[in-house]
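What follows is a group of structures, each given as structure tokens.
The two complexes that follow have subunit A in common; it is paired with subunit B in the first and with subunit C in the second.
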Partner chain A sequence: MKKTFDNKAWFLVLPVFLMVLFNSLIPLMTVVNYSVQETFGNNEFFWSGTRWFEQVLHDRQFHESLMRQIIFTGLVLLIQIPLGLAIALCMPRKGPWVSVCLVLIALPLLVPWNVVGSMWNIMALPDIGLLGKAINGLGISFNYTRQPLAAWFTVVLMDVWHWTSLVVLLCYAGLVSIPDAYYQAAQVDGASRWSVFRYIQLPKLKHVLTIAILLRFMDSFMIYTEVIVLTGGGPGSTTKFLSIDLVQKALGGFDLGPAAAFSIVYFLIILFLSWLFYTLMMRGEAK
Partner chain B sequence: MDGMQGTSILSWMAWTAPTALFFIFIACCLVAMTVWEILVPGGDPRHGILGLDTTRGDRLFISLLGSAFICLAYLAAFGSNLWPAVAICVLYAIAVFRWV
Partner chain C sequence: MRWRYVFLFIYILFLMLPIYWLLNMSFKTTNEILGGFSAFPREFTLASYRTIFTDPTWYNTYINSITYVLINTVISVMVALPAAYAFSRYNFIGDKHLFFWLLSNRMAPPAVFVLPFVNLYSAVGLFDTPWAVALAHTLFNVPLAVWILEGFMSGVPKELDETAYVDGYSFPSFFVKIFIPTIAAGIGVAAFFCFMFSWVEMLLAKNLTSVAAKPIVAAMTKTASTSGYELGLLAAAGVLTLIPGAFVIYFVRNYIAKGFALGRV
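Entry: the complex of A and B
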């Protein structure tokens, strides 16, 4: 049978192109335009060349924020991906408990980001918060408003609480889609629990894990609301991540030029690392 | 650029000639790649020296992304005269399209 090609189908994706144009391309173009100009308001702009990029690249505050961001994202990925996978493996696949588990697991994802920040802000307070009081009750000095380590602990714990559910749900969806025939074959061969995980479940979860890692990487690398509500970037600047630094530059100082240059460098880092993750995880897939 | 900013409906986007040229260049690259693919189809992904399987589109993406980082690194190390960086970017893109 002769295969026919109908390029009119492209018109069906036209709305998506238009949406991407308006919510991504046009704002991105505007940011690029701002990044090479100086403005004092009143929609007046003056050419400044690459000055803002040089300023950002030599800015010690930017380097420190970037380093904090990389450490935070690395920690979050190291905890959330294995934890999410482990919880998904422990969840029941059949029976009445499936719905209960899914609802309970999904609950943190339904809480708005600023509410998450407020909840943890109160819960980690050393004098009245459940978490803060409990840790201090154990004899460990804990005050996230003054101690950088306590602040980091609270921020990471908050993110793990909020977002591990996403990894769990993705992994669970991947696990239930594995046909029973694989498990039956493993049972016939007398495969151990570890072998089933290593040679059946993990390879079958490759795509799901790639999506989970990419989503968690991009989201944690752009974290803003929860942290600004919880610690405000403090104590000092110890939890000031890239997005907080950027917002302070753009809105606090109204330095649109430097903030735009900062945004472009930030965007390029996210784009490069996302591409790297995706490429490394999908390597050899074409074969 | 004053007239462009003052009278155009796009004045809020604060266009400048260099940034407009930059985006026109990107658009031209995409059009040229499309025409190239129609005239000489690229076929399956190719296994390059980095061990990656890449199509022509992938190689364009790697070239553009790499060029952005080359320019930033050059800017940080040597300052604002970016013409040598542009030359390095062109050589880098040729290498990517030839070997990656």
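Entry: the complex of A and C
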């Protein structure tokens, strides 16, 4: 659609602009402010330069939670994107079952995040939970409150349960929008099921897959509530991801300076990786 | 063709199992839950639900949650409507930068914003009110609403606007009487997403309230951490948090796939 050039449109955008400005700029300014100053209470602040940043960047705890975060996000993307795509391909395109499937598949997305945590907490209990009982029944010792591996398995499985549906819905929306003519042409050419997927569906899904990967990357990198309810970051600190580390520092430790520096580094990592990924995907498209 | 549906069925079964387990536990007595493993409640009881519906410290938290979610949904959609119209119909100085700046707020971890939000909303005197949570959640919901609505509005041909102006409609009356009914489905989808993301968020909702406006998600973590034994109650509260979501999703079931497809990054 051809758009008209008119700066009066700014008046229509103004409410949104002011609202987001209030919510994002003032807090960000506060964070930046704290990150370069030192305080001993009484609202007295002293300039401390880049000290907090150096402290955070050399902090072993930060390195460890960053490593855990990267491994977790990597695992989640590796499982959810192919699984979500596969499920979307299995969905019926027409008929009364479409609505039923969509509603059931979307349901996990509407569960409050702390309830997701409690649900899996209960499910995985080794003595009274369905999952814990089943795994122990197979002869494998499983206790997520003591074994790091079991805790990781539960956290990843929970995230797969919670968020694969988002990938399914995005891919399904992309699949439905492919015109029938494409499939008819493929049939005339005698294309196999695989080549239909490879040369028709996958290229058409590139756009929604980009959105899906970006959203899943950002959200899994910010995960907090589900994990804190499920494992509390434990056993030990084996499932302590970046957000958990940050909240412990900011709300528990009263170390405002280092926490603020942590926040900025954290935000910049997400922005940088999202930008990197987006540019790579789009460069591929330009070719 | 049949293996496709088998695979789909197994996946949906996997999605339903934890929900079933929660439902199962909510009908058990705490003794029965801790007493051992059973796939069905043996002594079926509604005691947990009765506690929640009769104890004001429980049911008030539901009312609080629904209050801020509704305020948030209304505000987000109201401010997003004119902005989305502007993005879909006009070019103006800085439009692309503004759009991406809005979306970048979706990338900010809530954990980063907790502390400054507590300071900010205490300073303006809104701490521990539903307004604080509703306004804080607009940080990620307003950009999302603009994004979804812009997609729907771009699908409406511009001739509609032009014909209306020729017929003598002013901009406000055209917008309210003709344009909004035309994109009703889009508004429904945007409202659904705002409702959903505000309803499921806990970190900000919990830290921006203390007693008066305590949301259900905060009330539940308390049960989970302090006593640790009221699992029946916890399960019942969890089941009740699923109802608004299931209710809302039923209304937009025909548009949900479409709503997801419209995103343009």
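One rule holds in what follows: the second predicted complex is superposed on the first by the 275 of 287 C-alpha atoms of A that agree within 3 Å, B and C clash if a C-alpha of one lies under 4 Å from a C-alpha of the other, contacts with A are read in each partner's own complex, and residues count from 1 in each chain.
Convention: a contact is a pair of C-beta atoms (placed from the backbone, for glycine too) under 8 Å apart; a residue touches a chain by one contact, two chains touch by 3 or more.
Remember, predicted model here, so these are calculated numbers, not experimental data.
Novice: Which holds for A:120: it touches subunit B only (first), subunit C only (second), both, or neither?
Specialist: After superposing on A, A:120 lies in contact with subunit C but is clear of subunit B.
Novice: Identify the partner contact of A:58: answer first if only subunit B is touched, second if only subunit C is, both if each is, neither if none is.
Specialist: A:58 sits against subunit B, while subunit C stays out of touch.
Novice: Looking only at contacts as defined up top, I'd like to know whether subunit B or subunit C touches more of subunit A.
Specialist: C
Novice: A:86 in the overlay: touching subunit B, subunit C, both, or neither? Say first, second, both or neither.
Specialist: second
Novice: Is A:26 in contact with subunit B, with subunit C, with both, or with neither (first, second, both, neither)?
Specialist: In the superposition, A:26 contacts both subunit B and subunit C.
Novice: Should A:270 be classified as contacting the first partner (subunit B), the second (subunit C), both, or neither?
Specialist: Only subunit C is touched by A:270; subunit B is not.
Novice: Is A:49 touching anything from subunit B or subunit C once the two structures are fitted on A? First, second, both or neither.
Specialist: In the superposition, A:49 touches subunit B alone.
Novice: Thinking of the overlay built on chain A, is A:234 touched by subunit B (first), by subunit C (second), by both, or by neither?
Specialist: Neither: A:234 stays clear of subunit B and subunit C.
Novice: Looking at A:13, would you say it contacts subunit B, subunit C, both, or neither? Reply first, second, both or neither.
Specialist: second
Novice: Pick out the shared contact residues on subunit A: the ones touching subunit B in one complex and subunit C in the other.
Specialist: 26, 30, 271
Novice: Please output the residues of subunit C touching subunit A within their complex, sorted ascending.
Specialist: Touch list, subunit C to subunit A: 4-5, 7-8, 11-12, 14-19, 21-22, 25, 33-34, 36-37, 39, 75, 79-80, 82-83, 85-93, 95, 98, 101-102, 104-117, 119-120, 135-136, 138-139, 142-143, 146, 154, 157-158, 196, 199-203, 207, 216-217, 220-221, 224, 231, 234-235, 238, 241-242, 245-246, 248-250, 253-254, 256-261, 263, 265.
Novice: If you look only at subunit B, which of its residues touch subunit A in the complex?
Specialist: Against subunit A, subunit B makes touches at 1, 5, 11-16, 18-19, 22-23, 44-45, 51-53, 61, 65, 68-69, 72, 75-76, 79-80, 82.
Novice: Which part of subunit A faces subunit B closely enough to touch in the complex?
Specialist: Per the stated touch rule, the residues are 26, 29-30, 32-34, 36-37, 39, 43-45, 47, 49-51, 53-54, 57-58, 265, 268, 271-272, 275, 279, 283-287.
Novice: Residues of subunit A touching subunit C in their complex?
Specialist: Within the complex, subunit A contacts subunit C at residues 1-10, 12-13, 15-17, 19-20, 22-24, 26-28, 30-31, 86-87, 89-92, 99, 101-115, 118-123, 127-130, 133, 161, 165, 169-170, 172-174, 176-177, 207-208, 210-211, 214, 218, 221-222, 224-225, 229, 242-243, 246-247, 250-251, 256, 259, 263, 266-267, 270-271, 274, 278.
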